[in-house]
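In what follows, chain A forms one complex with chain B and a second complex with chain C.
Let's turn to the complex of A and B:
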């Protein structure tokens, strides 16, 4: 019988202790961010989708079309094409397509690039109405960015 | 055990738990044969998120398989990453710099805490308590922020490389981790007051879903499930790897074998993880984080290699067979929760349905890891 009352009192007390903690946190400041009114800044190493890096002076892509990123990709989501312009010695990038639908954001492409020609985007608000919206033409994006 | 459940003489019925049931935490289906509220038989049905990770390992290079390891158990991704790089380093004979090993331990233990915190929240949620989940997520968020600042992602971390790490940590991470240890130590008493000492939780978990050490051995259960049944087995202690032998920590063991014991093992483990991280931060040496002379194209010598690590849910073993080329010949992943779930059919026999769900929660299942 005494065990019963002991459990009853102990149990009731434990509920009030728990309630006390809830009250303690009730008056503490809010920890959540009111998205989308407030947004967080992504840290520098954030792995978003990839983006081509343009030359600081000319704005042309730094990519030399070596194809290492294409080879490194586990899901074959990078397609790039290049050609040698007449009279030129180096290959010039003509198209860089990222199929973001199969990209797993592993970052092996950026790691394999010896020329720092690709980087991670900080964009995480990705939404699109169709599948095509995720076939990124990175060369076009770079041109639009550099104007 | 209920007499009816032991020898069902009345009509039984089949109840489908899942594959879209919140208590199964993913797409696990359990076919329950019920006698009223009592379970006569439970048969887990797997395969809803099978993605052929083992087969994927056989058609891509050693490096390319790395992101897959983070997608097995998405709550404790770094342990799996660690297991994979460890066994390939073993095959290649690569020496890992000490700083890299310490940073591996720091990040993997932080990940273990994050995994246990999520389990804690979700488990209490299964039992009907909503608030603890929010506290647990608040703390977990700090770990995710820390790990995101070094690895670049919040869940599918892929931080280790063959021979070291992909990049070094900065001072912000080190001070942030120390601040977090302090913070969580202050919060843990709150967790215990709010949940562990709560009479409802105690009554729901004590003497419910008792697993004997014999049953755990029979099904190959490892991790907190095994330690909750009184078997002192932890790969970090029994087959030490990385720099664990240099760190002082205990392995919590409870002999009761009930759901409460498994709960306590995990809660004590959070404490021990904090100790490990603190010591590793104190001992963190300077130096490089990547071994020199790591070949660009990996071709481990032909042979059969096995390595195991202690993941948040138990022993994660990985066996690789190399035929000397840059693509693995065979990749066998031994995931802990598959074995932990296997005992569910036998263990849940005769339990009330809500108690069986408490038992399932205490096993800490991650379905994508079971299915692979």
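Let's turn to the complex of A and C:
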């Protein structure tokens, strides 16, 4: 008989404790990010696809077209072309294509670059309708970014 | 303002149906909001400001769906069942006093009438489940009946206690007795009343098939229980009936225990529209509690459900009935003698 009342009071009390917990959660602010309307900025160490780094003054790519990233890439997803302008000493980048469909984000290209000319972007909204959407023209991207 | 008889009936008819429909729509919205915030989400927010147009969108969607009548169902029972859930709930509003003078029919056996109609509700569930020709629906219907039979007893015993206390079955009369501040509410009439209220509230939850007693539509076991085979507005009517029943249950709890349309403090008016305000405020508070409970507790087992009723609620409600009777009869004798 005492077990009956013990269970009754213990049970009733635990029910009210439960209600208290859910009430606390109900008045807590909601932390959900409403994704399509608002997006989070990724932290600095986020590994997105690679992008070119521009020169701070001129905005032109820092890349010297040495081709080390192209060689380091295990899946051959980087294609870059360059030419020597007439009268110039250094090679200038004319095209940098990243085939993101085969990229595994290993980061060997970034490591192999001695000029800090490529880095990981913080872009993660990468949905696209076609395969072509993932052939990135990184030079164009840099030009658009620097305006 | 006094209306002549046919106009008065029409006004109340339209008003009650509009009240039920509007509440069914917006209580769903409120329920989803409460559920969302309890679970750390936001709930509906896309359709209109704060998702306020969501019920409208849901309604249009439900109405545009085909009303599918599967092969092998009992066509008459299948079609009548949703109405049998909704109509009694709407009928019960006839005697609910929303304010001092705002009651469609102030009849002397209002309480009895509401319980008479409330028991038709379970018939709707039973017929819906039986007529669906679906094993899940039949199991659910059987569960709903055993549940309703078990919980009708403690609920009615509690109601009998209240009738002894008030010596009337007229709901408006009951509310008038509770005038003059919060301490005159039946909730504080004697030390047993809070327990009686608790029992009444638990039984109301079970009677309306709300979580944690929603065994009738246990999704994890029975798909959707008695409304498995219903589509479109057939399901919508069941849903409206469920919410109408919740409003009835909470209104009764407010009228019996929490002073109906009386204001909690004497310096606050309860005349005219203020009475309606106090009544609705209390009812919506209880409805919020119902939702709060739904999103706090997991569903009980049938075993636990029946045990709770037969082993705990019925003995305790009988004890409360006995002690209240003793207090009413014996207490005046003692105080009168001394």
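One rule holds for everything that comes next: the second predicted complex is superposed on the first by the 106 of 147 C-alpha atoms of A that agree within 3 Å, B and C clash if a C-alpha of one lies under 4 Å from a C-alpha of the other, contacts with A are read in each partner's own complex, and residues count from 1 in each chain.
What we mean here is this: contacts are C-beta pairs under 8 Å (C-beta built on N, C-alpha and C of every residue); 3 or more make two chains touch, one makes a residue touch a chain.
These numbers were taken from a predicted model, which means no experiment stands behind them.
Once chain A of one complex is fitted onto chain A of the other, the partner contacts of A:14 are limited to chain B, with no touch recorded for chain C. Touch counts on chain A: comparing chain C and chain B, the chain ahead is B. When the two structures are aligned on the shared chain, A:95 is found in touch with neither chain B nor chain C. In the superposition on chain A, contact is made by A:74 with chain B only, not with chain C. Looking at the shared chain after the overlay, A:47 reaches chain B, while chain C stays out of its contact range. With both structures placed on the common chain, the touch criterion links A:26 to chain C but leaves chain B unconnected. In the superposition on chain A, chain A positions 15, 18, 21-22, 25, 31 are in contact with chain B in one complex as well as with chain C in the other. Across the complex, chain C meets chain A through its residues 34, 36-42, 45, 292-293, 295-297, 312.
Contacts from chain B toward chain A in the complex involve residues 60, 63-68, 71, 131, 135, 138, 141, 148-153, 156, 158, 166-167, 190, 193-195, 197-200. By the touch criterion stated above, chain A contacts chain B in their complex at residues 7, 10-12, 14-15, 17-18, 20-22, 24-25, 31, 43, 45-47, 72-74, 104-108, 111, 120. Those residues of chain A whose C-beta lies close enough to touch chain C in the complex are 8, 15, 18-19, 21-23, 25-28, 30-32, 34.
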